[in-house]
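Below, chain A partners chain B and then partners chain C, in two separate complexes.
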Partner chain A sequence: MNEERLRADLVLEYPFTRTTGPVIGAFMTGLREGIIIGIRRADGTVVVPPLEYDPTSADPLTELVTVGQAGVVESWTWVDPPREQSPWQQPHGLALIHLDGADTPLLHGVLVNSADAMSTGMRVVAKFRAEREGHISDIEGFVPEESVQ
Partner chain B sequence: MRDVAIVAAGQRQQAAFTDETEVQILLPIFEQVRNDTGLEQSDIGFTCSGSSDFLAGSAFSFVGTLEGVGAYPPICESHVEMDGAWALYEAWVKLQIGEIDTALVYSYGKSSPGSLRDVLSTQLDPYYLAPLWPDAFALGALQARMMLEQDIVSRDRLTEIAVRSRDHASSSPHAVRKGDATTDFVEASPVIADPLRADDCAAGADGGCVIILAAGDIAKNVCDRPAWIRGIEHRTDAHSLAGRDLLSAQSAALAANAAGVGDDKIDIAELHGPFTHQEHLLETALGITDETIVNPSGGALAGHTMMAAGLMRIAEAATRVSAGAGDRAVAHATSGPWLQQNLVCVMEGD
Partner chain C sequence: MSKNNCAVVGVGQTKYQTTRGDVSMAGLVREAAYRALEDAEMSWSDIDAVVIGKAPDFFEGVMMPEIYLAEALGCAGKPILRVHTAGSVGGSTALVATSLIQAGIHERVLTLGFEKQSESNATWALSLPQPFSVSINAGAGGYFSPIIRQYMIESAAPELIGCMVAFKDRQHALRNPYAHLHQHDLTFDQVVEAPMLWEPIRYSETCPSSDGACAMVLGSESVGDASSKPVAWVQGTSMRSEANTFPGRNEVNPRASRECADDVFSQAGITDRRREIDVVEMYVPFSWYEPMWLESLGFAEIGEGWKMVEEGATHIDGGDLPVNCSGGVLSTNPIGASGMIRFAEAALQVRQMAGEHQVDGVQRSLGHAYGGGAQYFAMWILGDTKP
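After this line comes the complex of A and B, so read on.
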């Protein structure tokens, strides 16, 4: 029996493009402009990132609102080593972040040096890249709010 | 409801089937269930499989395993890009309609050539989540921390569940992670996605599972003690994180209720929990009490074959009912992040 596994490169591709539409597209355009956009549900709560349809009732959603760029960590984990294809090359936090003015959590990275710097309830603020293209990774990650004040 | 039962079940599972293709993994299991029942492929009314082309890395990869079944002369077959538990559901529906009297259901997965925890990122929302590549263990960890910090579950309870899996798995021929069933050993398990330790996350595995279903008198003729399916339902939660409550398994509870889990005492439960904290959520959702033996096989924690772990739970529960280890059993299958989609199957012996 051969001790070495046989190996062959395999590249999976989806060779087509699609438009992001009026809601996801607005969010992506917002990121390019350096703002974070959500969408209001019938009960007044705000979904961030926005969805075209209410995730519970399936009603169409249309009222876009700008939310805060800072918020509270609801839960977190520590990613070490960073995942090969992720936007991050260093160990980092991964968190559910409840942005000011939002009612649902946004998942994103938290840029701190170690897990010791992470805690539930900590306030973090978005750090945008200088060059943005309308993509979720236009936010480089979130950093502790105290570190930018 | 037409009387439909599981009359044979077989599986193979190990950490990696390095030198075997999916077809080679399955062939001995097809032979086993045919020997167990005396049924040939020509006696089977419908063949239904579950697997993932994405995992295999090629389109229509499942057609290859149909060669293993023997698809000539032409057979009536179908495939779901889901865990085999949902293939079993499709076959059960066809049996209920009365189109067929027997069905062969199988599923399989071979994820060892890649990194499954990363591959699973690709099933997420393609705009907001997938580009960030949050791996499956990290997503599980976000839920686990929330549960721990909000006192939905305790760290000791997670340890108990991990120890239980290792303990039960010790007598299971298909379990990948077994033995060392002590609190000390589990507590020393390294943290791989804070707060989850390696032992809180299911052990990866390759494998396959095959089940034969039969209706009425045929079931009685080919099996001494068929595991009659008395209820089977599946429900799903929202795909978007915005529509999810991570502190409960809502769709699992809905499916359990619809399948009639709580109508009578459950002797055996086989739950498909890819993490210790998710096993806890499932026990709560299904209303499992101390009178039920949970995961006598070790459960998915002891060996998690992508696309077959759910069907394996049904096989484990059915095999125990047929062997007389219990009169009423429930099996559960899940799919998607944070227990998004759930299937519950209640079985009884005569």
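After this line comes the complex of A and C, so read on.
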């Protein structure tokens, strides 16, 4: 086998913009204001983050709902070491968090020092950044609820 | 080989414009799809499958957007199929949807093409360097201008033919409420005096950059028969491709284009193309492609296409073969939808539902799309009777 291989760097880079529309836009604006917004389906359940169209009936969804900033870890994994492009540079939890008032879990980081501090069923609360721009990273991560009481 | 009949029973379009800042990508496709369903007098639950097309994913930077868009298109639990053939994709997408009906797999298929060019930069996206291959870094205009120059030399066409096409299509667009460009006060002199962008292509001879979506509902023979509105029956479909560079390639009149045309006209049983087709929607992103495609499609002899333009044969007023009565790609270009718009406008003409840009008494129309370096071709012929 020929061990010599052709190699070339290829960097593709140009900017994109995104039009978020009335529903995703409301979620982003909510984050900037320090609140978490979901949307109510016809059966009364609340989806977070909100969807523009119902995943089963295809009906447009319009009833925005503010949900709680704390909730229960439904499932989790421990990330160590984080990859270079991870939003978190320290080892951290990555969890599906069932927020109070929501019926679907939200995926986000849990900022604790070791996997020993993680457990299914633990209550966590969102830690918002002081300066927010309308982006999912406006939530720095979730921390154990007891640590802020 | 027998095929089941297929009919266009619904058409829906968004208003095309530079930026649809009020809707997400999902909201944009939803609008066109919903209007197509309304036209077809159907609801989401009537649809068996969705076939969707758009230009390459890096145009907007959303990878495999069909997955995220499935909910907006009422497609949960149903098949959704994505088609990729560069600029011709809107046409190819409609043809893949047609084949699902013709094969008897589905009764009602929603097909849709879209682009949200405001979220991207198509010129950069079309100029990406590729390792180990030549990059001309030219964008579409730079790529096509030498080919157009070649046509001008070979055909000895007068220099202002391209301007005549551009002026005609912008006039046509004034009759189409969905068209992006509505240049009410445009004069021919302004078209001629516009800055030269990629010599010999003037700025006025190029297409705009648009946001928009176009959708159709296709149905089986029984669905077409049951429609309360006129439907357009598919009488022929064809797709062809070739590489964009190879020794001896005819870039002005690609073999894939000629063979695609021969195939689609033969399926429709058409021998005198100019007489038997009543109206054409062809893919003309740069003005000179109208005479070039008139020749390649066999509506004119080689080297004579420009004469049809000069004589006004392709004008909606008085022309015997009106071309791009909607205003064409020169007036509206959401890239991934542009081919679908050609196909849908061909259907509206046969259904006598094109409004102010309707040509009287249309019985048969041709929808045409091309893409890449004029290397991917998709065409269909529609009629007011079953094939």
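Criterion: the second predicted complex is superposed on the first by the 136 of 149 C-alpha atoms of A that agree within 3 Å, B and C clash if a C-alpha of one lies under 4 Å from a C-alpha of the other, contacts with A are read in each partner's own complex, and residues count from 1 in each chain.
To be clear about the criterion, contacts are C-beta pairs under 8 Å (C-beta built on N, C-alpha and C of every residue); 3 or more make two chains touch, one makes a residue touch a chain.
Values in this document were obtained by computation on a predicted structure and should not be read as measured data.
Overlay on chain A: chain B and chain C fit together in the combined arrangement.
In the superposition on chain A, A:L10 makes contact with both chain B and chain C. In the superposition on chain A, contact is made by A:L51 with both chain B and chain C.
Put chain B and chain C next to each other and count what each touches on chain A; the higher total goes to B.
Taking the Cα centre of chain A as vertex, the centres of chain B and chain C in the superposed model span 60°, given to the nearest 10. Of the two partner chains placed by superposition, chain B and chain C are both touched by A:T20.
In the superposition on chain A, A:E74 makes contact with chain B only, not with chain C. In the superposition on chain A, contact of A:N113 is made with neither chain B nor chain C. In the superposition on chain A, contact is made by A:R83 with chain B only, not with chain C. Between chain B and chain C the least C-alpha distance in the superposed model amounts to 5 Å.
The interface of chain A with chain B overlaps its interface with chain C at residues 10, 12, 20, 24, 51, 55-56.
Contacts from chain B toward chain A in the complex involve residues 18-19, 54, 57, 113, 118, 121, 127-129, 131-135, 138, 141-143, 145-146, 149, 193-196, 238-244, 246.
Of all residues in chain C, those touching chain A in their complex are 19-27, 30, 44, 58, 60-61, 71-77, 116, 118-121, 124-125, 128-132.
Considering their complex, residues 6, 8, 10, 12, 14-25, 51-58, 60 of chain A touch chain C. Those residues of chain A whose C-beta lies close enough to touch chain B in the complex are 1-2, 5, 10, 12, 20, 24, 27-28, 47-49, 51, 55-56, 74-79, 83-87, 94-96, 104-109, 115, 120, 135-137.
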